[in-house]
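Labels run A, B and C following the written order; every chain starts at residue 1.
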Amino acid sequence: MNYSFDFVPIWRNFDTLLYGLGIGLSLAALSILIGVVIGGVVAFGLVSKNKPTAWIAGLYVSFIRNIPILLVIFFMFFALPQLGIRFSKITSFVAALSIYAGANLAEVFRGGLQAIPKGMTEAGMAVGLRPMQIRLSIIIPLMLRSTLPSMGNAFISLFKDTSLAAAIAVPELTYYARKINVESFRIIETWIVTSLLYVAATFTIASLLRLFEARLAIKR
Amino acid sequence: MDLSAFFVELANVWPRLLQGSIATVTVSFQAIAYGSVFGSLLGLMIFYGRMPARICGWIYLDFIRGTPVLVLMLASFYIVPLAGLGLSATGAGILALSAFCSAHVAEVFRGGLAAVPPGQAEAAKSVGLTFPKILFYVLLPQVLRQALPAWINAAVEIVKASSLLAVISVPELLLTTQQIVSRNFMNAEFYLVCGLIYFAINLTLSKFGKLVEKRLAF
Amino acid sequence: MNSILEISGLRKSYGPLEVIKGVDLAMKPGEVVSIIGSSGSGKTTLLRCINLLEEFQGGDIRIDGQLIGYKTSNGKRVALPERERAKNRALTGMAFQQFNLFPHMTALGNVTLGLRKTRGMAKDEAVAVAEKWLERVGMSQRKNHYPIQLSGGQQQRVAIARAIAMNPKLMLFDEVTSALDPELVNEVLNVIQDLANDGMTMLLVTHEMRFAYQVSSKVIFMEHGVIAEEGDPKEMFHNPKSQRLAEFLGKSKFQ
């Protein structure tokens, strides 16, 4: 294989790639925020004593977790407009990511909820707190704290999933990479630089999260 | 939504959906098989190898796990023809999925090896077994049993990730569905059907895993 | 001469298993009552019913004259709404065997939570009250520590401060020293003794026979969900009337 490397066309477009990376990070950040809310609500559904609630929550979680995220994206982007629900491209993409993250986080939070000793609720009851107060002041903070590492992982995988935005032509890193690839024909260079950008970003996020966790751990 | 029209259409296109499903299962199966073999070897290398080998293993793992599968797939799709390996788009897709799978499996395998108490290998050594025999008769059975749930999870991830072959125009289940809805415009209905098929495939996989797990319990 | 606690005909079952089979008990202000008895006799369950951590199927519990947990309407016994029950619970303070401190809050945060959310105190007021009680249990030095930074005995003292800061009519202690290392038991017992001397009304389940003997104005011996024997500690420990109590005391090596 005689292929002469030439990174110049990539460097020329490097700012575009970085811009794409920024878009990906923003989409992931927005989606994880919404996903945490969905996941939190659904997790309480999963552990609910009310049978239909638990069943519906369980169905949502196991269905979404067993289908490809790209299918969810296509559904939001192509199927919902047909049903008369119209969003912008970006909104439907963020919605798809949030729904997907919500299902995964619900499972994570359920584990967190079940790991909270019954004594925590009882101690709250013993000082006269009402159920909603117990949930807000005791259960939810404990749940979020114990699942922080998993939330970090969810964020990283969500960030990688933002590459799928390229499939519905939302411009982000992968979309621009493909464009540069086609325009410059510097194939190997494009994909090496693109993956390195993703790897560097995920690595940085992971390190920052670990630092953040360590900080919190001391405070406990 | 017109239900009767939907069923008429479903009757029309089900052979194609079946074909797409078979493609999805075949592609996933191959990727899981290759990925598991390579991933296990990689796991062994990371656990038992010398420092340079370990470092290479970790770099490979971090690289693959840090890159989105779609990027792996596009890279494989565009780069493989340059290498002149004569792989089809499907081949390029399977290659990318296998790489993704191998990283998952290597991590699972390494974790499994780490979880076997050191006393096990020592006990085997003390009755005079050589390393390959220790590995084969003592460690691997324990690793496999312990790592099975995580391995099944990895397999489910691969089935889901196989949908990305749609992006490089391999007619698996998702692309087939896209082709179907682009003609009949029944987007919601058929994407839902497509989801149900993936759901069924993965549920079967998980149930199968549970079954094997029970069998292997000792 | 009104009672702080008045239990009559209390019955409680877990499914088909009846574990409290008709308990009557009255406590006057300032009284300290210890409950002893073998494992499974229903001591914890009794305390949990009084704190409304459990449902009970029969009988009444009154705290300072107020009927708690249930009411009778049209001749039917109905559970009070959760809001009311939360208020009822704040009438009694509970200290648990496993402390149950909230790990995400400091000692001070643990004590102020109920003051602010249940009693509706402003932050400054809650902090002032909490500091006073942390001082009382000898924990003011560590008020900004998180539970994992505290020893078991220290955690239990904070838990006691948390309960008592609510200004309950009655304090309930459920084997508060049995999860502690032996050398930490006394620091907690001293706090309880101190509160008793101060006139706090207390009902405590304990396996520390010597402590029960010295702190209590009355001792109750429970067997199979009923009160088998009760009376003055000296009387009970030195001249047990029933064979069962004598055996139990023999086993607990009280002399």
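Here, a contact is a pair of C-beta atoms (placed from the backbone, for glycine too) under 8 Å apart; a residue touches a chain by one contact, two chains touch by 3 or more.
Computed from a predicted structure; not experimentally measured.
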item	value
Mutual neighbours - chains that touch subunit B and subunit C alike	A
Chain of greatest Cα-centre distance to subunit C	B
Nearest-to-centre chain - CA centroid comparison	A
Contact-richer chain pair [A-C vs A-B]	A-B
Whole-Å gap between the CA centroids of subunit B and subunit C	56
Centre distance in Å when subunit A and subunit C are each reduced to the mean of their C-alpha atoms	46
Separation of mean Cα positions, subunit B and subunit A [Å, integer]	21
Junction residues of subunit B - those touching two or more other chains	none
For the subunit C and subunit A complex, residues of the former touching the latter	51-53, 82-83, 86-87, 89-90, 92-94, 96, 98, 100-104, 113-114, 117-119, 146, 148, 159, 162-163, 166
Subunit B residues within the subunit A interface of the complex	62-63, 65-72, 74-75, 78-79, 82-84, 156, 160-164, 166-167, 174, 178, 181, 185, 187-188, 191-192, 194-195, 198-199, 202-203
Parts of subunit A lying in touch with subunit C, wherever the complex brings them together	117, 119-120, 122-131, 133, 137-138, 141-142, 145, 219-220
Subunit A residues within the subunit B interface of the complex	1, 3, 62-63, 66-71, 74-75, 78-80, 82-83, 160-164, 166-167, 174, 177-178, 181, 187-188, 191, 194-195, 198-203
